[in-house]
Amino acid sequence: MARLGSYLHRHPRLRLAGLLSAPLLWLVVAYLGALAVLLVSAFWTVNGFTGEVVRQFSLGNFRTILTEEVYRNVALRSLGVAAAVTVICVVVAVPMAFFMAKVAAARSRHWLVIAILTPLWASYLVKAYAWRILLANNGPMDTLFGGPGYGLPATILVLAYMWLPYMILPVYAGLERLPDSLLEASADLGARAGRTFRSVILPILIPSVFAGSIFTFSLSLGDYITVQIVGGKTQLIGNLVYANIGAANNLPFAAAIATVPVLIMVIYLLAVRRSGALEEL
Amino acid sequence: MTLSAPARWALRAVMALGLTFIYVPLLLVLINSFNGDRTFAWPPHDLTTRWWSAAWANDGARQALLTSVQAGLGATAIALVLGTMIAFAVQRFRFFGRDTISLLVVLPIALPGIVTGIALDSAWRSVMGDLGISKGMFSIIVGHATFCVVTVYNNVLARLRRTGTNLEEASADLGASGFQTFRYVTFPLIRSALLAGGLLAFALSFDEIIVTTFTAGPGVTTLPIWIFNNLFRPNQAPVVNVVAAVLIVLSVIPVWLAQRIAGPQAGAGRT
Amino acid sequence: MTDISTPAIRLTGLRKSFGAVDAVAGVDLAIADGEFFSMLGPSGSGKTTVLRMIAGFELPTAGTVELAGRDVTRLAPFERDVNTVFQDYALFPHMTVLENVEYGLKVRRVAKRERRERAEQALASVRLEGFGGRRPAAMSGGQRQRVALARALVNRPRVLLLDEPLGALDLKLREQMQVELKVIQREVGITFVFVTHDQDEALTMSDRVAVFDAGRIAQVGTSEEVYERPRSSFVAGFVGTSNVFTGDVSRTLFARDGVFSVRPEKIEISADTGAPGTVAEVVYAGAVTRYVVDLDAGSRAVVVAQNRHDGAPLAARGQRVHLTWHDEHIVEIPPVAKETAHA
Amino acid sequence: MTDISTPAIRLTGLRKSFGAVDAVAGVDLAIADGEFFSMLGPSGSGKTTVLRMIAGFELPTAGTVELAGRDVTRLAPFERDVNTVFQDYALFPHMTVLENVEYGLKVRRVAKRERRERAEQALASVRLEGFGGRRPAAMSGGQRQRVALARALVNRPRVLLLDEPLGALDLKLREQMQVELKVIQREVGITFVFVTHDQDEALTMSDRVAVFDAGRIAQVGTSEEVYERPRSSFVAGFVGTSNVFTGDVSRTLFARDGVFSVRPEKIEISADTGAPGTVAEVVYAGAVTRYVVDLDAGSRAVVVAQNRHDGAPLAARGQRVHLTWHDEHIVEIPPVAKETAHA
Amino acid sequence: GCGGDGGGDSAGGGPGGLTVPKIDKLAALGAGEGEVNVVSWAGYVEDGSTDKSVDWVTGFEKETGCQVNNKIAGTSDEMVALMKTGEYDVVSASGDASLRLIYGGDVAPVNTDLLSNYKDVFEGLKNKAWNSVDGVPYGAPHGRGANLLMYRTDTVTPAPTSWSAVFDPASPHKGKITAYDSPIYIADAALYLMKTKPELNIKNPYALDDTQFQAAVDLLKQQNELIGEYWSDYTKEVQAFKAGNSVLGTTWQVITNLTKADGAPVEAILPTEGATGWSDTWMVSAKAKHPNCAYLWMNHIISPKANAGVAEWFGEAPSNKLSCAETKDPNHCATFHAEDEAYFEQVWYWTTPLAQCIDGRKDVTCKDYSAWTQAWTTIKG
């Protein structure tokens, strides 16, 4: 044991290899490998009747996606939903997290964190269905606000509801780390609260907000269940993927559609990575 | 921070509204578990406890809960091991590609669940299927663990950054072998981070439906799948509300425990 | 005590409690315009809390804060004409050095051109020309300290508050910065309120020093007053090293009851006259040598002697010696150890 | 230099590079058994890195580390008979004080009973009896420092490495701990290697001092050797305050070419003989007063005078004065500023 | 198109020259393997875990020693997808899935001699286009029903009699009309056009050439303007009709019954044009790992008691003649028109659309199911 320890001490690279081999085997070989195969299969086709995959290179799937207007519309709609959900979550989460981290007494902070975490355990489906009731004709929302009923706005609202805790948590963690002295320095230099918020808090919080947005954005981008429950006749990109794989068994076409959110997310991750967001998750 | 009284009040109001927003639907779930109506007509015209007794008698729900707990524990265990290993590698070593590790680790959670789901599903079928290993609990655990690694990784990484290597060096300096150092020093120090990451990993797995849909084999029904099946069939939706209400109440326990054990940081964790 | 007509700062009956802790337990103080005023005291004695009440980060539990004759007790920090240099500098990490320095002007809507000019000038005054484009993270400790100073000074406040601004620097750098700070204060001529727990720093830099003890001011005065005529054994012990004699020892040495203090540098070692004792230790310290002498009277005394041109040590370990001092350097310490000082 | 047959530590050609940075650029050194050895130097000069190579936390890029004649260069820390007191103490926060102290014995499988006994004893030796049940978080800085010391000493290492163990303490406490440390070292009699950047600390505590500069040792010797006979202007400047004169000034003052240094405490102020100049500043510092004098020869000199019993300041600001010194206190600094010292 | 390029072994010609992979049926029944993996519609396989009194699985398990693992599928397409995994032994396939499974080689012919209850199945359900090829049966018929038109009696006046109610661009119920969320719903439009646009010459709503298909798609795109939401699960449908989010649209008899039972003023009709519908068939996987248990299950599920249980719980017409005597509600068979062949004459059961038109036309190519799927995406927009 000690001899091994001593040997490893002299060979840090071996220690590194030991640490990395299993995770990389899992994430690179298994996960990325599976993804790669999936993306490759986007170039295959399927026998329309028997559903057998035909392993023959073809750009047909992509041609359909690029030429049929509906795919562009759905992609843009999904992007819009993901962006809107993210914006709503930021707008709601930042003041809440700020209250939790900087205003609430240390004792109640405890309970507030619990209050934010607890809903994560209530089933996603059940919550979506609860919203279906809230949004129904003559239901509570309809009675109180006269809408919005089922449809795109409802989808955005409910998705924002679903992922809000995922935004609050990293923002809260970021704010907790933000030294009070920075806020005091800002006030000391003449800035009112609003100014301090815009010029000091928000910029420093950006990585945390991006971290939260990875959740709100990606979970919204891929969702197909909430939209079925409260989306009225709306369809999003997740529905198309699901319709083609879960339902129509057209893996190649589903894979081709799936490249769209994958591409969007990879670009998004690369963009926010520069802010340090990936460290704030 | 020095805030004017109105600003404080405004923030307090936003917090209250936010909590209302979060809790009204949950309250509705609770009320509807007593709603005499099968598809929750609003407002409820009669109240009943019959869904609660139906739920109590529902073996399927109990079985599914057990399955979900098993899957969650399995996925969490794997995520704890893998996430910790990567966090150590990234924090303690410099190596080529180190900067892309964080990207690799978030990818499974950042890509839509359906993509992860179908990728793993088709890979499983073509590789494991050929080996004669069919999908079941194990494939669910594999799928969940893949996207749970990130929560452990992030929590442990943050903790390692904060604690540095000093204490481990002190331990080695005092004569402890690598294993002893891990057991007596490193592990106790990252324990609360593991708890926070593990809790979140478990929660993610526990509520995952999309990836599960594609990775579950026949005969394995997790709670979300059970809920999905039952929500969409007659007479059963109210029972689902009972189960959900019970879950909400029960969930306070692990969250509270984690907070007790590991301090306020833990529960918050890093998603 | 200095006579002050309209002081830059006047604190009256200032108190602050945190729950059961009385962090500041009644402070009255007036600080004159243009003074370099230090607050000295052990950890937890309330220095920072007083400073924070002057800046407006903390509301007093009781008492008032006046700045230039105006009661600002309940005004927000951004409504007060004071600026602070924080112990951890509190530089905005997401802004460049120049942006940090410009910040106060920007929020006060000073035109871009003038802003830039004044910021550059402030950076120059702390000898940081050309560093404007850097981020604080890319600066050394001493440089950051100067950025924090420039960021405060550029607003031309009436009063500058500095909370242990040199605490995080290493010794050499700290000494350099002490000199620089003093020079800058002289140049700009504004009131500095300087918090430290380093007595050397307080003594060398300040016009006046307030010594804090447990939320109260134990003594206020010039460096000399505080060092040479401590009004309590706490002050005698905290400001500089002191030989404090009590009880029987006092009676033997001074033929009187009471508490007496004699500074180590005021004691002479002589061969035959004075209080007899044995040298317990001789410690060479470069510029000085310290002799620890066990007095026959029953106490230990430290004697410090400069290693002057005449070189040789005054005594060796184990040697019998006699200690002498002048009566004027015997400080009798009043029996009431703690009292509130009024400025 | 001391003659050492089998030194406790011998470093030969020790180097360590971090990428492009040569943290340690060739160090040869022998430290005798039982020595109190200090490493002094500015921030970044490589002191910590050398210590870490001795402890085994860092593998040298080149060179060897011998402990008591045995080459341990490639051994793991837990295979070396040295212990370290870390700058931030590195106490295990999740263990009690006693558990911390017991740790080294526990991992070496010392029986519980003996372990407990030795730990209690170690705590007693640092005057912390009865604190065993506390957590480190509930201890003050000075107490933590002593726990760290006990935790290392309990293992009875051949060598104790201390990396700025007093750096985090405030001045008063620091002075106290300096005395205690020295006493403890004398009692246990093991080799201490003490890293600091505080020259006062190094001078007063050590048998020998190594002055580091940019990854190399600029000079090794006793406190007096290093202070009174610096071998480079770097050492002269870093160890104590020094007046360094060069070029024309040297020619005027010493009638010779070269670099010369005179310590401020070795200079006398006199009315009429010596180098003429004007007092630019008089700084009262309690035990001493510092005079800054602008010499007519074209340089600035600092003179330090103890505020002895004879009280009155020697000169006032603006006054014309003359400075004198003895020839024996003029230190001529060799022209090659940096060289590697061999012990 | 997707002609049969399979070559090789084939047994019999499928629609338009498609060939059916040659798969042997089970020759004789052996001992049960201990478990059986089932894909089914929600409500088809109940083991009492949902409701203690609803259980036709536990008895089967005890009797045969075959443990039933059930996987519920939401749509026919999902069923096909699941069966393709090869992990399941039996499936309750609707007509729009069954042919795909047969021609895909995913299911095997069924040896009806091994099913003792097969003889009691309504003749109208045996050897149909969706459950047999060239007279070779591929399964045991389970039950059937029609996709009806449901409306709220309080808002939709006068009561509709025709599907035109859901296609009328000037409908007063715009935004509150609902339709089934599946590509197969294109057939509903085709059926309507078959009756209202004779010039299109539609003979079978599942055999649409380019023009016919385009007309159906256009009609549905137009209808999309009227739609509030598409439905595929029936809790959603019941809730929408109760709340009034939907007032008019397709339904299943069971949904109507539930909605009524909850006190909502709804009515369902079989419109004058007739309707689409489903007839489900239990089929056995070609790769079944538990073929004996699968046969035992198929025989069990069409037995009078179990068949009656399913039909009542799910709300459809049973397939076994003797089931009508076993239902708790003596009127069940009447309500669901179980014995009313005339009623089912008007019903076009779901069938998988193929490139080779299944109405017998040889001169044109029809749109196959993948075209229907992609069109459905476009329709929803």
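Going in written order, the chains are labelled A, B, C, D and E, and every chain counts its residues from 1.
Keep this in mind: a contact is a pair of C-beta atoms (placed from the backbone, for glycine too) under 8 Å apart; a residue touches a chain by one contact, two chains touch by 3 or more.
If you want to know which protein each chain is, UniProt gives these names: A, B = Putative spermidine/putrescine transport system permease protein; C, D = ABC transporter ATP-binding protein.
Note that this is a predicted model, so its numbers are computed, not measured.
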Touching both chain A and chain D (chains): B, C
From chain D, the most remote chain by mean C-alpha position: E
Of B-D and A-E, pair with higher C-beta contact tally: A-E
Cα-centroid distance, chain D relative to chain E, in whole angstrom: 89
CA centroid of chain C to CA centroid of chain D, Å: 26
Inter-chain centre distance, chain B versus chain C - centres from mean C-alpha coordinates, in Å: 54
Centre-to-centre distance between chain E and chain B (centres being mean Cα positions), rounded to whole Å: 38
Sites on chain B at which at least two other chains make contact: 2, 4, 40, 42, 177, 231, 237
In chain D, residues with contacts to at least two other chains: 56, 76-78
Multi-partner residues of chain E (each touching 2 or more other chains): 236, 239, 243
Parts of chain B lying in touch with chain A, wherever the complex brings them together: 1-4, 7-8, 11-12, 14-15, 18-19, 21-26, 28-29, 32, 40, 42, 81-83, 85-86, 88-89, 93, 95, 102-116, 118-120, 122-123, 126, 142, 145-146, 149-151, 154, 157-158, 177-179, 200, 203, 206-207, 209-210, 213-214, 223-224, 227-228, 231, 237, 240-241, 243-244, 247-248, 250-252, 255-256, 259, 264, 267-271
Touching residues (chain side chain D, partner chain C) in the complex: 42-43, 170-172, 175, 197-200, 203-204, 223-224, 227, 238-241, 263-268, 283-288, 290, 304-309, 311, 325-326, 328-329
Touch list for chain A against partner chain E, complex: 46-52, 64, 68, 70-71, 73-74, 132-133, 136-139, 149-150, 228-229, 231-233, 235, 240, 243-250, 253
Chain B residues within the chain D interface of the complex: 166-167, 169-177, 180, 184-185, 188-189
Residues on chain A engaged by chain B in the complex (per definition of touch): 1-2, 5, 8-9, 12, 15-16, 19-20, 22-23, 26-28, 30-35, 37-38, 41, 92, 95-96, 98-100, 102-104, 109-110, 112-127, 129-131, 133-134, 136, 138-140, 161, 164-166, 169-170, 172-173, 176, 180, 183-184, 187, 193, 196, 211-212, 214-215, 218-219, 221-225, 237-238, 241-242, 245-246, 251, 254-255, 258, 261-262, 265-266, 268-270, 273, 278-281
